[in-house]
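Letters A, B and C mark the chains in the order given here, with residues in each chain numbered from 1 onward.
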Amino acid sequence: MGEALRAALALVASGDATLLGIVGLSLFVSLSAVTLATALGLPLGAVLAVTHFPGRRAIVVLLNALMGLPPVVVGLVVYLLLSRAGPLGSLGLLFTPGAMVIAQTVLILPIIAALCRQAVEDAWVEYQEQLRSLGVEGARAALTVLWDIRFSLLTALLAGLGRASAEVGAVMIVGGNIDGVTRVMTTAIALETSKGDLPLALGLGLVLIAVVLALNAAAFLVREAAQRRYG
Amino acid sequence: MGLIRAVFLLVALFSCIANAQQRYITVASTTSTEQSGLFKHLLPMFEKKTGIQVRVVALGTGQALDMGRRGDADVVFVHARPLEEKFIAEGYGVRRHEVMYNDFVLVGPKSDPAGVAGGKDVVQSLRKIFEKKAPFVSRGDRSGTHFAELELWKAAAIDIAHDKGSWYREIGQGMGPALNTAAGMDAYVLSDRGTWLSFKNRADLVIAVQGDRRLFNQYGIILVNPAKHPVVKKEMGQAFIDWMISREGQEAIAAYKIGGETLFFPNAGN
Amino acid sequence: MILPLRLEQVSFLHVLQPLSLQIEAGPSTIILGANGAGKSVLMRLMHGLLVPSSGNVSWSGTDARRRQAMVFQRPVMLRRSAFQNVLYALEVAGVAGAGRLATEALAEVGLGHVAHQPARVLSGGEQQRLALARAWALHPEVLFLDEPTASLDPTATRGIEAVIRAFDASGTKIVMATHNLGQARRLGDEVIYLHQGRVVERAPVEKFFAEPATPEASAFIKGELPWV
């Protein structure tokens, strides 16, 4: 373990261009996935929280269950879609960072939508009567509540980001772990482990954890500041 | 649903823009070749000369050939001749060129429970391992190495699929994990010399048997048939193949050493 | 004019037995009753937040939705400034000159000095006044109030009652649920007394307190003011 720590510090101190490239790509892929999943998932979760229609409860259960989608399965399905032999092969996305973003978006969309639904549903209890009294209903009411609880939704986003940056199954399959093109932190760790270079793998792992920790700390500070500002 | 389509197209557009500047080909090769470090040594030379980036997706031989069948790769570069010839016979490949060979080694624990260390006959050694039921790790992943291992069992007149016991551990993974597992279990394992030389987690493993002609491992390179998959980048793919079998490429392969030892022996055109 | 409001044989689950009554313009109406009598349910049926199990709730005139407002026991504010909360209500209603109206409403309830502070950091009394400002800005014909001072201290309560009196003076019809008899006498013109989901008595406020006509009403008054 001591060797791993030293390997990690040596890596970071060296400012190795390959390492920076890998970290940069990991952040790009996971943050893009979180952005896309948020754009799609927040409205979905909010509308699901405030509207009632036949089959709603089944959809809620399904969405909650999809939070546990195995990354390898998502990777496999997206691979089959993007393969030349598959329906979307002509887009030429396989083995590019784009494919990785798509796979991770699919993976974390249920997490963000389901957690958002829960948060909005809980807030809805508080806001519902007043908003309806003012004549605000349906989608407009959902979006008002959504915007009002935006800082607590940060937790949902962080959950999605955590899942995305930690997974290796999906990005390995659709990205191919190509040196310099689709190699991210998790696939690099998998590679170094299988090459038997365990200290290096552990070192990379520590760098990954440090990056995710920094993102979480930043989000926490943002929440605190917002709490003080808006009450 | 329209929104989802839009998202896909947006990502595709972005990807296109990102890729537009870079000319590249996709090569399906094997994990053992990549992990030996050969590509890190070779590919920059080719890119410098031609401006073509070579993107290697490293899988087992079986999966690499499947990638070629699906048209997800432009070139396949693997080491299992019968499987490669089948690939061409099925019409998925244009032509097979021999590129280089290396050898396999039988690696095992220092304690040598099957009593095969220092031997020169790998088939005889496998028989001893089978009789003593010494722990043995198999890649079990349709790779070139796995295929070679199965051929050796056949040569030893052992029906391994039928007669294996709990001493025979199939892990379904690449050479690195197989060596890791063997190191952890004090087991025998068939490995290519390249991966063994660059493997860092040896624990108590040493080379038990080497030098047998049956451990000879030939690599072949094949252009995926553009008639089957028109999207194959046939000019750039052919340029890569031509370079690999050219004098320049062959010399580059011979120049790659780990710890002073040559890993791969070029033999194109032999 | 959306008044009079007519309730015909309106009931709600087991909480309200079928009742009929008419709310006229003019005098401020107090809905009085013990906890669980059904005051909140009746208010919400009238305002349209609940659908009756049976019977009809009908307003006169058109656009009844827009011409009423309600203030709840606990004010619900958005995470924005006091000014923006009032603005929101006006924008939703599609009112022109929303900014000016919002500023005026805040001044009317004495919150002009905190207009740009986050609404949620204001005190309970201030937030309830803000809720009244939000309702005021809409210039409703009818203002429903569901126990508006139940969670407030006496000073804050006085502030709220002053605003309600101002509403009343400006011509808005007040319909207020409370179990605070003093407040009922201070602010009300007539009393509708609810007992276990039924309208048991309805009378002008002084007559109700001086000579309650029913034993239930008598008992209630005595219970709240044992020295009577």
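Here, a contact is a pair of C-beta atoms (placed from the backbone, for glycine too) under 8 Å apart; a residue touches a chain by one contact, two chains touch by 3 or more.
Computed from a predicted structure; not experimentally measured.
Number of steps on the shortest path from subunit B to subunit C, with steps defined by chain touch: 2. Chain centre most remote from that of subunit C: B (centre = mean of CA atoms).
Put simply, the chain closest to the centre of the protein, by Cα centroids, is A. With centres defined as mean CA coordinates, subunit C is found 80 Å away from subunit B. Chain centres here are Cα averages; for subunit A and subunit C they lie 47 Å apart.
Put simply, the C-alpha centre of subunit A and that of subunit B have 34 angstrom between them.
Against subunit B, the residues of subunit A that register as touching in their complex are 36, 40, 83-85, 88-89, 91-99, 101-102, 105, 176-179, 181, 191, 193-198. Looking at the complex, you find that subunit B touches subunit A at residues 3-4, 7-9, 11-12, 14-16, 18-19, 26, 31, 35, 39-40, 53, 55-58, 70-72, 173-177, 179-180, 183, 195, 198-202, 229, 231.
Note for the complex: subunit C touches subunit A at residues 44, 47, 49, 65-66, 69-70, 72, 76, 78-80, 88-89, 92-93, 118-121. The touching residues of subunit A, when paired with subunit C in their complex, are 126-127, 129-130, 132-136, 140, 144, 148, 229-231.
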